[in-house]
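Quick heads-up: structures coming right below.
Paired with subunit B in one complex and with subunit C in the other, subunit A is shared by the two complexes that follow.
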Partner chain A sequence: MLEFLIAQIGQWLGEDIGASLAYISNGKHLAWYASVRYTLIAAVGGATCAVLFGLLGAALKQSSFLPFKWLGDFYTTIVRGVPDVLFILFFPLAFEKGVEYILAYVKCGAENVAATTGWPPCDAAQWYLSTGDYLVMACVSLGIVYGAFAANVIHGAMMAVSRGQLEAASAYGFTPRQVFWRFKVRQMWAYALPGLSNVWMLLLKATSLLSLLQIADIVQWAGRLGAANYFPRVGLVHPDWRWKYYLVLFLFFILMTMISERFFEALQRRASRGMAITGSN
Partner chain B sequence: MFESLHQSAFIQDVIIFAKPALFNLYFALASIPAGFPFAVLLALGKASPNKWLALLSRGYIYAFRGSPLFIQFFMCYSIMLAMNQSLWKPWGIDHIVLHPLFLGPFVLVLNTSAYAAELFYGALKTVPKGEVEAAQAYGMSRWNVFRSVTWPHMLRLAWPAYSNEMVFLFHATTLVYFTLPVINEQKDLMNKATDLFERDYNVFLHFGVAALYFLLISILIFWVAGLIQKHLNSHITGDKVRLSFKPRYLR
Partner chain C sequence: MATVPILKMENIHKRFGELEVLHGISLEAYSGDVISMIGSSGSGKSTFLRCINLLEMPDQGEISLDGNTIRFQTDKKNNRSTVDAAQVQNLRSRISMVFQQFNLWSHMTILQNVIEAPIRVQKLSRPEAHDLGMACLEKVGIVDKAESYPGFMSGGQQQSAAIARALAMRPEAILFDEPTSALDPELVGEVLAVIRRLAEEGTTMIVVTHEMNFARDVSNKTLFLHQGKIEEEGDPAELFSSPKSLRLQQFLSSAMA
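Let's look at the complex of A and B:
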């Protein structure tokens, strides 16, 4: 189907365009286009985790029980003080090593672990991670890192919800839990969305780091496809074309940012329906 | 007692990481002197009445804020490599241009100036109109108005956000050696941490010490920026806006 289409277009537009179309739709290139799914899964999964961690962090920061409050403040401060790359590498590695450590004690026996100096003490303790496993861990670590950012945004937004609304709700006889979920959280979104949109942009850009976790994502494919291509029988297919491929990625991420901006504008309009803040109709 | 302290793995790591930390500091410190004026120029360009200049600056800021630094590093490095045969080699400057110690700050400048320009542009928009008009009414030239009214206002308003941006810039230096070639022992904190991790798999110790270095230097940057902030606000009486250690979360 695809070959036929390209042959047709080649007939209309000339050999050169047909040949380059055929080149950019060969198997490797199709694999490159397909690897966009990892970026999108990590972005959406990471954002979901980030909102969950953000709600948790905001709840901790508002807790009247001091140790919880300290924990919340510690979480948001430490994540902000350290680069995201460090955390994105650290959490998967720490989790992997932790699981392998437990596996070693369960499968190899404590004597074996004590006797051997190298790692792993026996083959059963080696945990080979698939791309899917790494993707899940990438989502969680993106969630932890940007959850701290989201926690701050959500915390500020919850403070911005007017007290009168909450007092009126409790005067009507709503329980504290109902007041929290049906009024505070419901109204919070309108205040939180501009900040959350910013966090989403940061998270989207951080998804380019997936290749550091050995996921064959768009960045890694671009490097592979662009590298100078030499076959002994054919000769040099193309010289180092990496800059072309990275330029495409550069434009791809700008496009994603544009789409996200539009999306959040629409969401903001929806969230602030009927609320007396700027930006509502 | 000192003997045992010296042999503890934590202290060992702290000593080992001191030199790599200098590389991160170098990348950040080398980018600020070029990035700051470039950002101011970009902000002025975005606010300029000249349509084409404004469009160009706006496009630049949007592109570099809208794409990951990781990609920008790869892109700039590969473009530099592609221009090697035709430009850098004949001119004999390929050793300098392709060296991470030059290229790292170069890309960081391109990136951070876009973010900082957006901050300065925001500050430029909030400079009180009355003061600019008063200066014009006194017959000041355009340059004088800028120098004595717009510039100090802009700097003072944007400074807290800019100090935050400097910390982000410092954190962004971790990406340099993930994308550019590592030459010999020129390694930064993350390189060293992953190196040591691959030796004994002690992820908590090595990454923890690296994180500690990042945290301490971040606090140091906030502290120095706070001193400058105090200087910028020294003429203001009454409620002074103090720069707190509470970092902002958004870039």
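Let's look at the complex of A and C:
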């Protein structure tokens, strides 16, 4: 269907443009467009993890039980300082090694582990990661790094919720859990969303690191397709065109930014409906 | 008069760090009582009111509701806490509170504010709560504001809504913490009129207030607090016309000037 359509457009527009259209709709290019899904999955999955870690981190920071509070503070101060490139490389590999280590003991037996010097001690302990596995780990890595930022934003936003309103909720017999979820967290979004939209932008940009995990994402494809293309039978198809392909990525990320802004404006309106703060109504 | 008081507070003490703000205050409220608490700022009247529904934890003293005494425990560091969370929840759902700063939940409409606790805490069905909520809004005269958000209403309307929220719990008593102190002078009258009407209907209330005329006309018992103690208490007509203690005389002459 798509090919037919492009062929039709090509006929109307003439030979040259037709040929260009045919070129940019060949198999490799279609694979490039399809790889956008990895970026989107990593962004949405990472953001979901980041919000969950953020809520958890903020709750820990507010805990009156000191070890929890220290853990929350440790998370937000330390993890924010680690470069995301490093973390995206470190976490999946460390996790993979950890899983293999456990597998080695469970599947191969402790005596085998002790007896062999090579790795793995038996084949069952070898864990081959698929793109899907790496993608999940990318989501978790992004979630941990940007969750630390989100935790700070959410913690601040929770502090901004009117104490009097929370007190009123307690005074009317709501349990501490209800006060937390139905009032504190509910109202928190209105104060947190501007900060969270910043975190989302950073996270979205960080998805360009997916290729580091052997995931054939848009960045990796752009590099491959843009490199000088030479076929023995045809000759030079095109010289180094990487800048053109990266330009497309530029435009893609700008488009994503614009969509995100719209999305966050709508969320902000919804979260702060009735609340007399900036961005409402 | 009933023999068992709805609410009985005995010998309540409260300290904030080194500062002891309540030095043993007792109070008994029977059904239909309207008790006013007066005193200068810092006298402990708001703190005492907040001890009633345990927004502040009293360091010493007993609280009983309909003869059921709230159970407390004290840990090694001498911090007091309640034993049974459900007992506290029960107390709070039967004694509702109106705050100086209204404290309406800003993300909910007025009607949602009024019916939220009846639904979630008292487990009323939504249609039941809706009818009850509308009746309460009707009573305080702001039924047309049911779908408005608190942020877009005058202080007087917000406080009326907060009173409707208190009424919707069908409480055994309502606590008012300086209900008109945050209002513009021209809005004080409408809120006082609402509270006055509730008093006439026999609602049990404990009101911390700076409105001396209101305290004298509406309540059947007045407590004058000074530095965390009850300096003088009794029938408001008597208390206001012939104060016995020097403190009360001084307070009244400055408050009613």
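Note that in this section the second predicted complex is superposed on the first by the 281 of 281 C-alpha atoms of A that agree within 3 Å, B and C clash if a C-alpha of one lies under 4 Å from a C-alpha of the other, contacts with A are read in each partner's own complex, and residues count from 1 in each chain.
Rule of thumb we're sticking to: a residue touches a chain if its C-beta (ideal position, glycine included) is under 8 Å from a C-beta of that chain, and two chains touch if they have at least 3 such contacts.
Just so we're clear, the structure is a prediction, and the values are computed from it rather than from any experiment.
Check subunit A with both subunit B and subunit C modelled on it and let me know: fit or clash.
Because the two structures are overlaid on the shared chain, the partners are seen to fit without clashing.
Would you check which partner chain A:153 touches, where first means subunit B only, second means subunit C only, and both and neither mean what they say?
A:153: touches subunit B, not subunit C.
May I ask you to decide whether A:169 touches subunit B, subunit C, both, or neither, giving the answer as first, second, both or neither?
A:169 contacts subunit C only, not subunit B.
Could you let me know whether more residues of subunit A are touched by subunit B or by subunit C?
B
What is the contact status of A:212 with respect to subunit B (first) and subunit C (second): first, second, both, or neither?
The answer is first: A:212 touches subunit B but not subunit C.
After superposition on the shared chain, which partner residues are touched by A:274: those of subunit B (first), subunit C (second), both, or neither?
A:274 contacts subunit C only, not subunit B.
Just subunit B (first), just subunit C (second), both, or neither: which does A:198 touch?
After superposition on chain A, A:198 lies in contact with subunit B alone.
Which partner does A:28 contact after superposing on A: first (subunit B), second (subunit C), both, neither?
neither
Once the shared chain is lined up, is A:37 touching subunit B (first), subunit C (second), both, or neither of them?
neither
Contacts for A:238 in the overlay, against subunit B (first) and subunit C (second): which applies, first, second, both or neither?
Neither partner.
Compute the least Cα distance separating subunit B from subunit C in the superposition and give it as a whole number of Å.
27
Once bound in the complex, which stretches of subunit A touch subunit B?
Where subunit A meets subunit B, its residues are 76-78, 80-86, 89-90, 93-94, 97, 119, 148-149, 152-153, 195, 198-199, 201-202, 205-209, 212, 219, 222-223, 226, 240, 242-243, 246-247, 249-250, 253-254, 257-258.
Name, in rising order, each residue of subunit A that touches subunit C in their complex.
Interface residues on subunit A, with respect to subunit C: 162, 164-165, 167-175, 178, 182-183, 186-187, 190, 272-276.
Considering only the defined contacts, which subunit C positions touch subunit A in the complex?
Contacts found on subunit C: 53, 55, 85, 89-90, 92-93, 96-97, 99, 101, 103-109, 116-117, 120-122, 149-152, 165, 169.
Within their complex, state which residues of subunit B touch subunit A.
Going through subunit B, the ones touching subunit A are 62-63, 65-72, 74-75, 78-79, 81-82, 171-172, 174-175, 178, 190, 193-194, 197, 201, 203-204, 207, 210-211, 214-215, 218-219, 247, 249-251.
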